[in-house]
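Chains: A, B, C, D and E, in written order; residue numbering restarts at 1 for each.
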Amino acid sequence: MTPLHQYLFLSALLFGVGLAGALTRRNAIIVLIGIELMLNAANLNFIAFWRFSRHPELATGLMFVLFSIGIAAAEAAVGLALIIAIYRHYRTANLDQFDSMKG
Amino acid sequence: MLGEGIIKGMTETARNFFGSYIDSDRLVTVQYPEQRLPLKENTRNFPFLVHDGDDPEKGLRCVACKICEKECPPQCIFIVLERDEKGKPQKHPKVFDLDISVCMSCQICVEVCPFDAIKMDTEFELSHDDRFRGLLLDKKQLAKPNHYYHKIHPVEAAEVDERLAAEKAKAEAKAKAAAAPKPAAGPAAATAGKPAAPRQPVPA
Amino acid sequence: MAWITQNLWLIPALPLLAAGLSSLAKQRQRAFAASLAIGSMVAAFLLSCAAFVTTLGHAGTFREPPVNFLWFQLGETTLQLGWVLDPLAAVMLVMVSFVGLLIFIYSVGYMAHDENFTRFFCFLALFAAAMLGVVISNSLLLLFVCWELVGFTSYMLIGFWYHKPSAAAAAKKAFITTRIGDIGFFLGMLWLYSETGTLLFYDGGQGCLEQSALTKLAAQTTMLGMAASTGISLLIFCGAMGKSGQVPLHVWLPDAMEGPTPVSALIHAATMVAAGVFLVARVYPLMETVPANATVAAQTAETLTPALSLSEREREKQISASDESIRVEPSAVRKIADAPQNVLSLPAGEGRGEGEGQEHAAAHAVSTALKLVTWIGAITAAFAALIAVAQTDIKRILAYSTVSQLGYMMMGLGVGGVAVGMFHLITHAFFKALLFLGAGSVIHGCHDEQDIRRMGGLKPFLPVTFGTYAVGMMALAGVPVFFAGFWSKDDILHNAAHWPVSSGPFWLGVFGALLTAFYMTRQVCYVFFGQRRAGILPARHAHDERSSKVHSSVPSSSHPPGGQAGGLSYDPHESPPVMTTPLVVLAVFAVVLGFFGTPAWPWFQDYISGHPATGDLSKLFEWETSSIMLLSTIVVALGLSAGWWLYGRLPSATPEDLDPLERMRPSVFQVLRGKFYVDELYEATVIRFNAWTAWLSDGLDRVLWDGVVRGVSYLVLGFSWISRFIDEYLVNLGFDKGCDGIRGGGKLAAAWQTGQVQPYLRVIGLALAALVLLLSWGRVQ
Amino acid sequence: MDPVFAFLALLTTAGAVAAVSLRNLVHCALCLVVAFAGLAALYLQLNAQFIGFAQILVYVGAVAILIVFAILLTRGSEPGNQPILSSSWQAGLGVAVLVLGALGVAVASSFVRYYPVSPAPQPTVRELGEQLMTNYVLPLEVIGLLLTAAMIGAVIIAMHEKQGPR
Amino acid sequence: MQEILDQLFVLLKAWLVGFFPLPWQPLVSILISVAALILVFALLFAVATILERKGLGRIQNRYGPNRVGPCGFFQPIADGLKMLIKEDIVPSGADRVVHFLAPIALVAPVLLAFSVLPYGRNMAPIDLDAGIVVFFAVGAGTELAVFMAGWSSRNKYSLLGAMRAIAQMISYEVPLILSSVTVIMIVGSLRPIQIVEAQAGYQGWLPAWHVFTPWGLAGFLLFAIAATAESNRSPFDMPEGESEIVAGYFVEYSGFKFALFFMGEYFGMFAISGLAITLFLGGWHAPLPFLEKSIPSYVWFFVKLFGFIAMFIWLRGTLPRLRVDQLMNFAWKFVLPMTLLNILAAGLWRFLPAGATRWLVCLVILLGAFLALGRSMVARRKWSPRKYRFAE
């Protein structure tokens, strides 16, 4: 049986990869992909902790992940709709050019 | 109500389905290689050469005048005139090739042939595994006897025969007149020509 | 209590329902609206008949106990409404619903081509409902509400062809003029309420027309020495004057003829104008109440001071008397007031029956209000008749005749009591409706021609109309014995002749009767006799009454152009049966009704006043009665023959021909034709004064009030100038420094605010890393 | 290390790395799907059956499709050979490495390395459902509301604005 | 004997597995199941194609294929051979890797979906607690494969076809899941085996299948409609739409890859029919009590499956293709509301006492909804007689 910390390392790695994607790519969709990856890394953490917890019958981790998946779906839908709307306005999905909120 | 039309249509197709097993009249498909539809009188596909008699080489009506070769719009006919040793042209094709992958069945060659030598065939099962050679028909493959022509286009063939016979008779009469003694040439020609004239078929 | 008394409200409610329903109908649902209105009228008529039958055959003062109910209550103030069924109401109910029904039926034919047919019937039904409501109401308030509704529907109906400016103006005029009278009515009502605390007529002894209230009112004196009852009566009579077109408020009635003819017939001949007469009849007990001080005042030098002091004294007495017995008995009042016995008797107690016995007592008992009513009525009767002589519009003549006859009714009320006036009201309703409908039929037949000078010779073309019209004309003129008008008018004249106050009204009445006979003869001669003068003038659509002229092209196709060169030639045609049938029915009634009120058999008067019906043929031949009859017969004969002499003998040939009277006395005729210039007088006085007042108040508003407001605003502006100065030069300079500093700081901070996502995300990532390191480091420690 | 876990971890990581680094956006999306599928398999490894399949249903069946659609809808008007990395990518990468390092240190230094392996729980779907309908009913309702709101919001945001009359 | 016949394949598998050492046995068991599935369904695919072609022919009063083998029944073999031999053409502009992966990505999830269906008594390849979820999860995976195929071909027709297919599949996935939710609600389990067991038994002659309840019947019909659309079958075959977009997302596929797509489509049809049978038609239970023991359970499953296939063929032979907007309208304005109401009806069924009342209530709800919604779908247009502006 794989020990807990290996899952945690994998989760951290996925989180790092997602973060790197979100921080380095120009395309808004890839940034969104990175964010989804981070979210999934967190989900993996929850599942792993649930699996190794002392009271798995409480299913806390599972529940959290279940809701997290639901929220992620909503987030993806709204995020992508925003990207499409912004694209329609600026004719680009390049994040560097979205700076109308510049102070 | 929603779905009525669907149910109606389904009953109709179901009736078709079972009906096709019960009532064979419903099945209109012709099982082709075994069953064939009789061809129509005016069916035409690609040209062939008519020969009289049994020998395709000798009885060929074609005189290699090359009118058809010139007239053919896609230029699918290739004719070489036969010459004897001295180079004198014979009224006979040495080569008569016809590329049916090019031919468009327009029948112009038939229209222009003054000798009724080329006619349209009804044969359509001409597929071949050699796409170049297999579809290039030579003189031997093209030559078909006159009775074959009668078989596929009986009415037309009868007309042609009649005309040819008339022309032949006319030519013979002419020849006879020419061969007859000179003094008698005038009246003989007159007597031969007169009755021959109404027998000539009126060109359409 | 009879069922019908309980459910008397159904009679107005049914037409009201019909009006409501047909107002929802679409414009093209003509049959629906008409059948609804007529059906409701039929039902109302049947119910009215039931009510009428209930009141029959009772001896003495008959009145079903009124049905009252609480409308609303404000603190201790209560307002009650209710309805009552007595002979007065019953006979009016039958008349209104029957005449109304006939006119409804007639309208189906008359309005057949109008595109707003549905709306018309809606209004008609609403009118009928309101009128029936006036008739049954047992509360002055309910009566007033229905009264105003009647006025409103009259406005709508006069202005039915609102696209005609004249119709719109006439509607406005009618509405405003009657409102002037209604103000008086309203004030009188308020006064009455404040005095008696109730507006119910009859309330088991508590009503305002019953003895206790009347006593109280009679005892109260106000300015000019009038008793409260007199003041209230006069104010209420103002309303009646407005509605019934008495001089000087008569001006609206002739103009109201701009409305469709059935409207003229229904509203301005038969029912609505009679509402004023009905009102006076209804409040007759109040009207005839002689103030407690009246006799004293009459006996004394008619100075104010003694009368006032006297009245006060007597009121004290009365109060002390009423302290003894809370319910004031008639005898006590009589003793105090020294009044004749019948002063406080109920209206039904009055009538022709008691004329002889208490004549001299009555001479003292005629109240101021009744005197006014009589005089106004008599003046109106003669005045309007004079104007009618010179008019040329067929409907306008009838309108002035109506005014005149209303004057007769008022006079009858004043001199003879309720029964006399009401009898003339009923007979007049029938024959005047007949005349109007006949005029409508003539107009209809002549393709909307209203000028009598352009008619002539219609007798052969309109036989039924002519016959019925002649009956109506003779009834109106008072041709003896066979026609209703004779008996009712004679009754009035008879009473007027015995009026103790003055003989002026009698002679005015006689003069009016003469003129009536004269102008009716003139009209009939112009319209039906002589030769045809129609179609000679091409421009004959000056009185373009019909809005949708559907049939104007029909005659040209059905009748090819005839002999008359150049003109529009057409044959007048008889109206359809739906229009002539009501005429015939009305004609029958115009003849028959008179026999219910002859001196020999005064059934109607007895019915109204509650006496058992008596028949005594000998009465007819008493000198007292027959002299008056003879006089009026002579007068009528004189009028008829004068009319025939002037107009029938030598009929004018063309419309341009001068009137024979005009040839004789052009100046007098001009004055008459100009209606005594009453309209012009009003134009010059009342309306100009009104405009001047408006101008004055406008100027006041602009100069005075605006000036004050502007002054205040300039003051505020000045203050704001000062505060702005302080703000700009004292406060702001200090802040500007601070703001500059803040702005510099903000610029520095804004440099971090790139507006891009990734730098923010980077910061979050850094923070996360820091947090994780911090936490794990702390744990490792 | 468990070979199955190693394989799945490798697959997931490779998919994730490819998803954020490839030039072609559609390839990125497809690689993301691989990463999601690997994660779902890891969930199955962790005895979270229902969550694993829900992960596939939601992420592979819905989110990936959404992303693909978004990619197709936002393509076209940009020139092809632009740099794929943002202007300040060095800093971003640095931060990402820092976070990764911090997380790694945190995990490595924590006691979970010595955490005992407990017996595998077998949660049935029924138990999950009962939990959802009892203890977690409020969050469930809230998430339903959230999803509805998000759906409507997404539709409205992405809807074409009405052009004027043409 | 009947017992043995019923469990024939189970015993056979156990016997085969018994030859292997214990640690290998799970793996071997899985392999045997997979092999059996692929074999059976590949065969079924072949049979279904020939049946479809012949059935369609008969519906159109033709013979259908009748040359290869007896009555043409070896036609699929010939077709298969042809497909294998044909040249595999990849367009030069295509994304080669994705183009290659797409057919595999299509067939693999469908095969996975087969693994959770119970084919007979004790004959579910995998007995999963969340079996229905698995089915839908892997079903969702096919959409991505369709997209891969359409996008990677770099062909406008194929991209359009893929978009249509995805839109259609997503739209109909919602009513598909919602209509199966009723069964899950009533049974209280996502386990296919348990769902089948819940439909065991008879009431008189009538089996206790879900389809014989009002909500079940409505659910079944709605499920069937959604399944038809989900598997891109006529009349919902817009993604292929030969007349408009040539052949949809697999225009640029030829040879064996095309065969895989073809197979994937048929496999999808079989899988979804299998699910419908499991959910509504009593799985492997016999329709009549006396047939329950005498005929093996798996036979019943496949008989029902053939019934479904026949139904699909019949529908395809009857109905013309819908337009895209009609399809979407139908999904969102008719099928979806009906499924939601059906859930309500099922809930009422669960909590009302057994008897005529709940029949009446459920029937009224569903029939009312059907009439109202159906009216709105049908009575949308009234075609007036055509007027010609110039011809007349």
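Note that contacts are C-beta pairs under 8 Å (C-beta built on N, C-alpha and C of every residue); 3 or more make two chains touch, one makes a residue touch a chain.
Note that this is a predicted model, so its numbers are computed, not measured.
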{"item": "Number of hops, subunit A to subunit E, where each hop joins two touching chains", "value": "2"}
{"item": "Core chain by centroid distance, with centroids computed from Cα atoms only", "value": "E"}
{"item": "Maximum centroid distance from subunit A, chain identifier (CA atoms)", "value": "C"}
{"item": "From subunit B, the most remote chain by mean C-alpha position", "value": "C"}
{"item": "Distance between the centres, which are taken as Cα means, of subunit D and subunit C, whole angstrom", "value": "87"}
{"item": "Gap in Å, rounded to a whole number, between the CA centres of subunit E and subunit C", "value": "85"}
{"item": "Centroid spacing, where centroids are CA-atom means, of subunit A and subunit D in whole angstrom", "value": "5"}
{"item": "Per-residue overlap in subunit C, given as positions that touch at least 2 other chains", "value": "758, 761-762, 765"}
{"item": "Junction residues of subunit D, two or more chains touched", "value": "50, 54, 62, 69, 86, 91-92, 95-96, 99, 103, 110"}
{"item": "Chain pairs in mutual contact under the definition given at the outset", "value": "A-C, A-D, B-E, C-D, D-E"}
{"item": "Residue numbers on subunit E that touch subunit D, as the complex places them", "value": "95, 98, 128-130, 133-134, 136-141, 143-144, 147-148, 151, 163, 166, 170, 173, 188-190"}
{"item": "Touching residues on subunit C, where the partner in the complex is subunit D", "value": "758-759, 761-762, 765-766, 768-770, 772-773, 775-776, 779-780"}
{"item": "Touch list for subunit A against partner subunit C, complex", "value": "19, 22-23, 28, 31, 95-96, 98-103"}
{"item": "Subunit D partner contacts - residues on subunit A that touch it in the complex", "value": "1-10, 12-30, 32-34, 36-37, 40, 43-44, 47-48, 50-54, 56-57, 59, 62-63, 65-67, 69-78, 80-85, 87-88, 91-96"}
{"item": "Touching residues (chain side subunit D, partner subunit E) in the complex", "value": "24, 26-27, 30, 33, 49-50, 53-54, 56-57, 60-62, 64-65, 68-69, 72, 124-126"}
